[in-house]
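Only one structure is covered here, and it is reproduced in the block below.
Chain nomenclature is as follows: A, B, C and D, assigned in order of appearance, with residue numbering initiated at 1 for each chain independently.
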Amino acid sequence: MTVDQIIFLIVAAITLFAAFSVVTTGNLIRAAFWLIGALFGVAAIFAILHASFLAVVQVVVYVGAIAILFIFAVMLTRKDMRDQGAQLNRNWKFGAFLSALVFAGLFFLLRGWDGVSKTAAAFPSDFDAVAALGGALVSPDAYVLPFEVASVLLVAALVGAVYVAYNHK
Amino acid sequence: MDFHKDPLQIAANWLFGILAGWGVADLWAQVLIGFLGIFLLIALLMVVDILLVWVERKVVSRFQSRIGPNRVGPFGLIQPFADIIKLLIKEDTTPEGADRALYNLAPVLSMMSVLILWAVVPLAPTILGVDLNIGVLYIIGAGAIGTLSIIMAGWSSNNKYSLLGAFREVAVMLSFEIPMLTMMLIPTIFAGSMGIAAITQAQDVWFFFLAPLAAIIFLIAAIAELGRAPFDMGEAESELISGYNIEYSGMKFGMFYAGELLHAFTFGSFWAILFFGGYRFFGLEKVSAFLAIAVLLFKAFIGYWIIMWVKYTLLRIRIDHMLIFNWKFLTPVAFALLMVTAFMNALLAASPTWLYVSGMFLSNVLVAWISLELARFAAHKEREKTENALTADARR
Amino acid sequence: MIPLSWYLIFSAALFSIGLFGVLTRRNLIAILLGVELMLNAVNVNLVAFWRYGDVHNIAGQAFAIIVFAVAAAEVSVGLALVISVYRKRNTIIADEIDILKW
Amino acid sequence: MSSWVYVGLFFLVGLIIPAGAIGAAWLLRPRKPNPIKQMTYECGIETVGDSWVQFKVQYYIFALVFLVFDVETVFLFPWAVKLGSLGMFAVIEGIIFILILIAGLAYAWRKGMLEWV
């Protein structure tokens, strides 16, 4: 095993453990902090994949904003913050079975595909992914429409969410 | 290779030779040397941090017409070391009902979020931790960890005041992050790169002269991000006692305190790097790497001194005023400035340097003037409304 | 070197864990936490395919960026709804929210 | 990747040193706990009620506005990096992007949702 394989396995194990704790911890604040751990792990995976920009954006957007929003929301709905009876619903066995089935299905699907054991070519050292991304996001041949639509989507979300959350007296 | 130009590379090569002589594999030798270098840098930062405690106490006492620490050692220089010994042997209490794991993790994360910022700081042309091509965003990402540590400390202490302080502090930090991010876009536009080293290299003309307004907004946002006065609503001593770190004592409190000071110094150096050329000073950096470090530290201390000056001059601002100041004034101005800068940058792309610089400077001044006039107009209207309401009340 | 399959299996596992959370948790916020995990699994896939395909074709990263925007929109609206429901019904347990029964 | 290995090392050392300082204090400090010492601080009286009090929804609204602006500003970074070589068309696109964003802020402002009631 090479060094990067060992690093990957450690990061992946930590991430999956954190993700598992997110869905099983009774204390919701703890679950939110575990989610942050899992998101950090995914950021590390992005860094291993040479996607520096996405790794940092993952930390800035998810850890810096989305996780804080979760924590705020948990504290605003305080009554359900700590363990109160069962955290899982009646059908949890069925849910566990279904998600295990999804994993098994994906696993066997992947095993049947021959492109799966492919290894990556060396990363071209003169390639600046951020500049390429910047070019693609505003180029009319590429992603300018999704780029602008994302802006509209976020503004729509802002307007809707503020309206819903605002305390109309 | 000249020792004055690139001391670290020479030291690394020397160490590498020794390790290779011992039969250590190349990869591990490199990792070990990297580890040692990082350890050295962080240890140095801790020493600077101890010095900062002394500087802060001395400066605040001068601002308040006192003398400050002057008993322990010459000019009280040994005072911070005495403080450390006191913190080390002080009993440390954990409040009842605290979430112990998070309670102990928070101070460590708080300090870490500051230390890791220095991974991307170019100390000299050749002395640079990591040249990430997304350095500017890395700063914000590290700040996110700091925000997290505050909310962690506030929640896990099992105390109303600490939670209230954490909430306020986080609300302020989040709000002011937007103008800060926006102002970081402006050096990015000028340099055509997000790498901190590239931004430093691109400053043949200091970016302060291209975007003075951006530098000022960045400083305001940075002070708010640090949670220092006048934006220290999160730890308002007279109302919340000490905010999110109220239940902490001993070395854990020391970590929060030292982290805050080092954070201020770090933002002083980022201000210097993004807008005042970092280690560059009329070609001095080309003479010797040590001179470059001295230049950067000097500029960083000036930035730090300005942050202190603001802290000890201005009064605390109420939280609603603070948030409204950010969302209704600073953020729109920042975005307007960004649009104007992007537009002027494209318009003046082919023009000579003097025209480019003066055009940028004038457009900044124009944006500042228009926004201040608008703010004055709005303030007049607001004042009139309040006064009318008051006189109506009095008549009744 | 790490083969592509490791990333895909990692992402499948993350997705399944998120799905488990969404299907079994009773608390609305916890359900949203599960959704976040699932979105992240998708992003890992997109970036892995970008890296293992042609690096100069930036599509994988651009898609991942759009997924970030969608995740942000989803969280902001979702949590706003949770808070609104909490204000009206004083609970955020999914089973007990049955205003739309009829 | 190699530069990220150094960042990882930085994280590691940045964790170890503060943890080491706290650990040293843990070894050196006296330990005499008693129930009153460990009580939560509240202006010299005993804590009243639950410490985890409920908060104003305004905090959430500001966090929400922040989230949307954060994501959008981050989107602008690749645009800013490439701006020098793209010309006027890309600048106009970026400005439209920002204007859409400002429209959202203006809406929240007009509806009085940015007030701290």
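Here is the rule we use: a contact is a pair of C-beta atoms (placed from the backbone, for glycine too) under 8 Å apart; a residue touches a chain by one contact, two chains touch by 3 or more.
What you see is a predicted model, and the numbers here were worked out from it, not measured in a lab.
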item	value
Steps needed, at fewest, to go from chain B to chain C via touching chains	2
Pair sharing more residue contacts (C-beta pairs) when A-D is set against A-C	A-C
Identifier of the chain whose CA centre is least distant from the whole-structure CA centre	D
Separation of mean Cα positions, chain D and chain B [Å, integer]	14
Inter-centroid spacing, chain C versus chain A (mean Cα positions, whole Å)	6
Inter-centroid spacing, chain D versus chain C (mean Cα positions, whole Å)	21
Residue numbers of chain B (touch at least two other chains)	132, 134, 137, 155, 163, 167, 174, 177, 194
Residue numbers of chain D (touch at least two other chains)	4-5, 7, 52-53, 55, 57, 59-60, 63-68, 70-71, 74-75, 77, 80-83, 94, 101
Residues of chain C engaged with two or more neighbouring chains	65, 68-69, 72, 75-76, 79-80, 83
Touching chain combinations (by label order)	A-B, A-C, A-D, B-D, C-D
Residue ranges of chain D touching chain C (in the complex, touch as defined)	57, 60, 64, 67-68, 70-71, 74-75
For the chain A and chain C complex, residues of the former touching the latter	2, 4-5, 8, 12, 15-16, 19-20, 22-23, 28, 31-32, 35, 38-39, 42, 45-46, 48-51, 53-54, 57-58, 61-62, 65-66, 69-70, 73-74, 76-77, 79-80, 86-89, 91-92, 94-96, 98-100, 102-103, 106-107, 110, 115-121, 123-124, 127, 129, 132-133, 136-137, 142-143, 146, 150, 153-154, 156-158, 160-162, 164-165, 167
Residue ranges of chain C touching chain D (in the complex, touch as defined)	65, 68-69, 72, 75-76, 79-80, 83
Chain A contact footprint on chain D (complex, rising order)	1, 4-5, 7-8, 52-55, 57, 59-61, 63-68, 70-72, 74-75, 77-83, 86, 89-90, 93-94, 96-97, 100-101, 103-104, 107-108, 111, 113
Complex contacts: residues of chain D adjacent to chain B	3-7, 9-11, 13-15, 17-19, 21-22, 24-26, 28-33, 35, 37-43, 47, 51-53, 55, 59, 62-63, 65-66, 69-70, 73-74, 76-77, 80-85, 87-88, 91, 94-95, 98, 101-102, 105, 109, 114-116
